[in-house]
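One chain, chain A, appears in both complexes that follow, with chain B as partner in the first and chain C in the second.
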Partner chain A sequence: MRATPGWVGLWPALMLAIFFLVPFGIMLAVSVSHRDPAGAFIPGFELTHYARFLSAFFAKVMAVSVGVSVAAAAICVVLAFPFTVFLASMSHRTQTVALVVLLSVLSLSEVIIGFSLSTLLSKTAGISNLFYWLGLIAEPRAYTPSLFALVTGLCYIGFPFAVLVLYPPVSRLDPEIVEAARVMGASASRAFFGVVVPNLRGAIVGAFILVFVFTLGSYLLPQLLGRSEDWTLSVHITDQAIYQTNLPFAAAMSIFLMLVALALVGLASLAGRQRRAA
Partner chain B sequence: MKRREFLLSAALGAAALAAPTVPRAATSTLKVGTYGGYFKDSFDKFIYPDFTAATGIEIESIAEPTGEAWLVQLSQAARAGQAPADVSMMAQLPRIKGERSGLWAKLDADKMSKIAALPDHFVHRYEDGSVYGTGAVSWYITLVTNTDAYPEAPTSWQALWDPANKDKLGLMSLATNSFLLEITASTHFGGTDILKTEEGILKVMEKLAEVKPNVRLWYRDEGQFQQALETGEIPMGEYYHDVTSLAASQGKPVRSTFPQEGAVLDSGSWVVSKASSALEQSQIFIDYMAQPEIQAKMSRNVGTAPTVPRDLTDLTDEEFASVSSDQAPILPLYDIYVDRGDWINQKWSEMITG
Partner chain C sequence: MTNLRIERLCKTFGTFTALDDVSLEIPTGKFVCLLGPSGCGKTTLLRVIAGLEAPSGGRIFVNGEDQTRMPTHRRDMGMVFQSLALFPHLDVAGNITYPLAIRGADRASRAARAEELLELVRLPGMGARRIDQLSGGQRQRVAIARGLAIDPKVFLLDEPLSALDAGLREHMQIELRQIQQSLGVTTIVVTHDQKEALTMADLVIVMKDGVIQQAGAPMEIYRNPANAFVAGFIGTTNLLPCAIHDGTIEVLGARLPITEGDRIGVDHGAVQLSVRPEHIGIVPTGKGAIEAEVTFVRDLGESRHVLLQASGQEIIAQLTPETQASYRPGDRVSLDFRPGERVVVT
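The block that comes next holds the complex of A and B.
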């Protein structure tokens, strides 16, 4: 039987070009076009929108965006890794059920997650009433809107992704490696951190990058769960694109966000590669 | 506009019952755009059938998208000689932007005798004096409170600055929909004139920045604030008078107060695309909508404040109070957002919500 002909590979490439590169090209063109205050934009070439972005204010917003996403990604990976290792040691049936439950979380919209968490963390109906009832706090209080609520929401969304990225390599990890380490006298924690973690560093970096990039684009949760100082760049892009009808500036900001994301992803994967070389 | 979407859920019952326009023999069709959702459904149900019966003009009801997207669509279509709608209901900022670019058709005021009942600020004219639009609907933004948290109603917008209200306020997140600059100017600077210069705007913003410790939520989503207001989670803020009155009448512990400095009167206007070929019918429609009895019908069924003086309508005290007030309103300075929109929004992000 003949192998699949090579030109079949061109089909996805073509689709990618049409549905990714073309819209990206349009965005690039819009970002240098002239803003028409009547609502639209006039084709042209100017860098004013990029210049406007280069300010202390937007540097702060960018720092908030990156900081929040890095925090969410780190927390997700720290929680998801031991969880996945533990899950892989369970029976097949339990694993399937756990994965289906996790997958079903992905079907929830950000709006539902945001509203549920804001109720759960509220003063009037939230979890603080339980703490109050247990006598842990003097009076019910609100935990939202806050940075904590925002990162919690982002972790809720990011956690299933982290598990799904980690699960295949974790479940394939040869248990004899750990046994060998234990036989040679390593403690359980030493075997985990000295053998399991380094073996899976590629998957860990992959999960981190995925959650980071995914949460970087979140614009609903920062509005629902964050204070105004926690609003990410995505919130400001939405403001410009929808409320101020300033598409050139929104496009310029999106490109900055993408460049920063690419740079950080590049750094992270570079770190992964160096390990392999060593 | 989220407001309409929210109104939709608030009055889902009424909206669900909205019947399609009954087809009847008519000499012509007019395409009329209103915000999709509650507004369009209410107009379809309560206003258009009577208009068709009275004039013989069939209405094709168009759902407008939110924000300024409709202005962009209308102006791009007009360049190609197309009119996706003949008459459109526009918020004031896109209405003024369309005026500046000459997008709206000039109307023949002599053929629209009933618009004389409208106050001057609801008859829109080009610089040469020709009429191009009228006020369609108006609504108030007031000081709202949860009645459990505040047994006494506040009397002044000063309450926003009161240190006792730390972390208790919900305010709209944009300069252009909250009109907090106008509220601040009216409360602390004796009126909105100070907003006519950039130095004045910065002064007002500095004063407004003092409320930041009191603000728990700068909201874009109206449903989020209304829910928080009703539960007492966020017990004070600025919100729409009509929706708050509706919630209060349903037994929710909320109240809407017209502060002594006045409440903000915002509005939507009827305009006609210059690409429309149905100018005659458009004029008949706009003239019809300006009638006091139609305005009263809209107050009763759609929940909007009448654009004509109250004494021309037959609204009872209770009906009038649920949508409006006799008190002098704070009128938004829409022009400053058209002239200096990007600058104001940037400063707003840095000084107020940043």
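The block that comes next holds the complex of A and C.
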């Protein structure tokens, strides 16, 4: 068989340039152009939009965005990891059913998930009525909008992704290494944290990064489930771009968000690699 | 002194019986091979001893202490797994000293012990290597060293050499035996390879369908198999239907007088005569007890196997290298079963 010719590699490079680099370049150009309140923007060069972003208000928004996504990613990984380890020890049939159910969750749109959760957490029809009926609380109450509701929603979306990233390496892990650790004197929990977790560090970091990046771009759930102070940067970008017709400012915020995301992803993967080398 | 005593051990998985009333005693310092075909329960027995499976019935005593319900990690066993189960995230020294680290040994004593064990398995100075930098044989040695790190009460190995190629496997069998003898650690190896069992063991335990068929020294089992299964599983043998009458063995139409050394385990019912190929002499036709025809000659280098047909039975005879005679398919010959080497089993 003949080797694949090198020029075939140009095709993905071309696609990447057309659909990623060019739009990114446009966004970069828009972010330094002049805002025209009547229309979109007037080409030019000014850094006023970046300057506007450097305020206490947007610093807080950025902190909320990163905090919410880090929390959602951490919760997803902490829940998904033991779940996946447990799932991998089940019969093949059970594994298939569980994975299909998880995949079907991915087919639900963010809107449906958001409205379902806001109903479930509401005062009139929500889960608090069940707690009230059981006598756990004095009267039904609303759990939404709140930070808790927002993180719950993001976790609901992120969990299947975390499982799907973790599943292949977890199911490939030799079950005998756990037994080996047990025979050699490790308790069940020690074998789990001392042998299973370190051997899957790469997968754990990968799942964390995926959920983090994925939830960072979520702009619907914060509006459906969060209070206005829980609004993430993605919500503000949407707000500026669509409702305030301030495309330059929205573009500048997008670039900030991207830089912060890249920095965090880099940090996380560096942490994953260093630990493995140690 | 008895190191390991197993009393009436049973293990069932649903409707499948993996171990059926297994009892045995293993003296301290012995090298034991659990031998049998796949599915005979040998691995299950090893896993129950290690505490990785809970028995459905029966008890296990280690140095007189009942360990039947003791959790795996408190049993102080050493084990080598079939997949070796080395930890990819640790280097060689980290793997070897893992049991010591769990027990809280300090860094200096761990490093010293790692080097000592690496000397023992002939991998000196390899402590800093990563597992994926090792060859199959080296991984094997690391797994053995790790299993021995804590001076285990019993050293368990589950088909430890099955992944190695034939030459290396024979070499490791001898080395494993030498290591075991130098340390005097009670060792149990699961294997389906009878040569491996005969090479290494003080005591061979032959199992089938969850039941111990025979336990004894390798030559004892080879020379005096308890039944037809053991006779056929250990080495090569000819199993021929026979009958015992008035001090003779009636086989293939001939009556062979029973002589001293012949082992008549049973003398009634459907019995079989087991004769090893090396105990069959081929003589010119008419000179021996049983007439036969040569069907095939198999030259193995160090010996020759002659396949014969006698009264519809297939028989294998082994010629020693000094035998000058040559045979060809179709030759008519006579066979002698060497007196004193005949075993009658069910």
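Everything below uses one rule, namely that the second predicted complex is superposed on the first by the 278 of 278 C-alpha atoms of A that agree within 3 Å, B and C clash if a C-alpha of one lies under 4 Å from a C-alpha of the other, contacts with A are read in each partner's own complex, and residues count from 1 in each chain.
Assume a residue touches a chain if its C-beta (ideal position, glycine included) is under 8 Å from a C-beta of that chain, and two chains touch if they have at least 3 such contacts.
No experiment lies behind these values; they were computed from the predicted model shown.
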| item | value |
| --- | --- |
| When chain B and chain C are modelled together on chain A, clash or fit | fit |
| Partner chain(s) touched by A:95 [first = chain B, second = chain C, both, neither] | neither |
| Partner chain(s) touched by A:185 [first = chain B, second = chain C, both, neither] | second |
| Which of chain B and chain C A:199 touches, first, second, both or neither | second |
| First (chain B), second (chain C), both or neither touched by A:129 | neither |
| Touched partner set for A:116, first chain B, second chain C, both or neither | neither |
| Winner by number of chain A residues touched, once chain B and chain C are compared | B |
| Chain B versus chain C as contact partner of A:176, first or second or both or neither | second |
| First (chain B), second (chain C), both or neither touched by A:269 | neither |
| Shortest CA-CA distance between chain B and chain C [superposed frame, angstrom] | 47 |
| Chain A - residues contacting chain C, complex | 174, 176-177, 179-187, 190, 194-195, 198-199, 201, 276 |
| In the complex with chain A, residue positions of chain C that touch it | 50-52, 71-79, 81-83, 85-89, 98-99, 102-103, 146, 149-150, 156 |
| Contact footprint of chain A on chain B as seen in their complex | 66-69, 71-72, 75-76, 94, 97-98, 100-101, 103, 173-174, 176-177, 215-221, 224, 228, 231-233, 338, 341-342, 345-346, 349-350, 353-354 |
| Chain A residues touching chain B - in the complex, by the definition given at the top | 35, 37-40, 52, 57, 60, 115, 118, 122-125, 142, 145, 223-224, 228-229, 231, 236, 239, 242-246 |
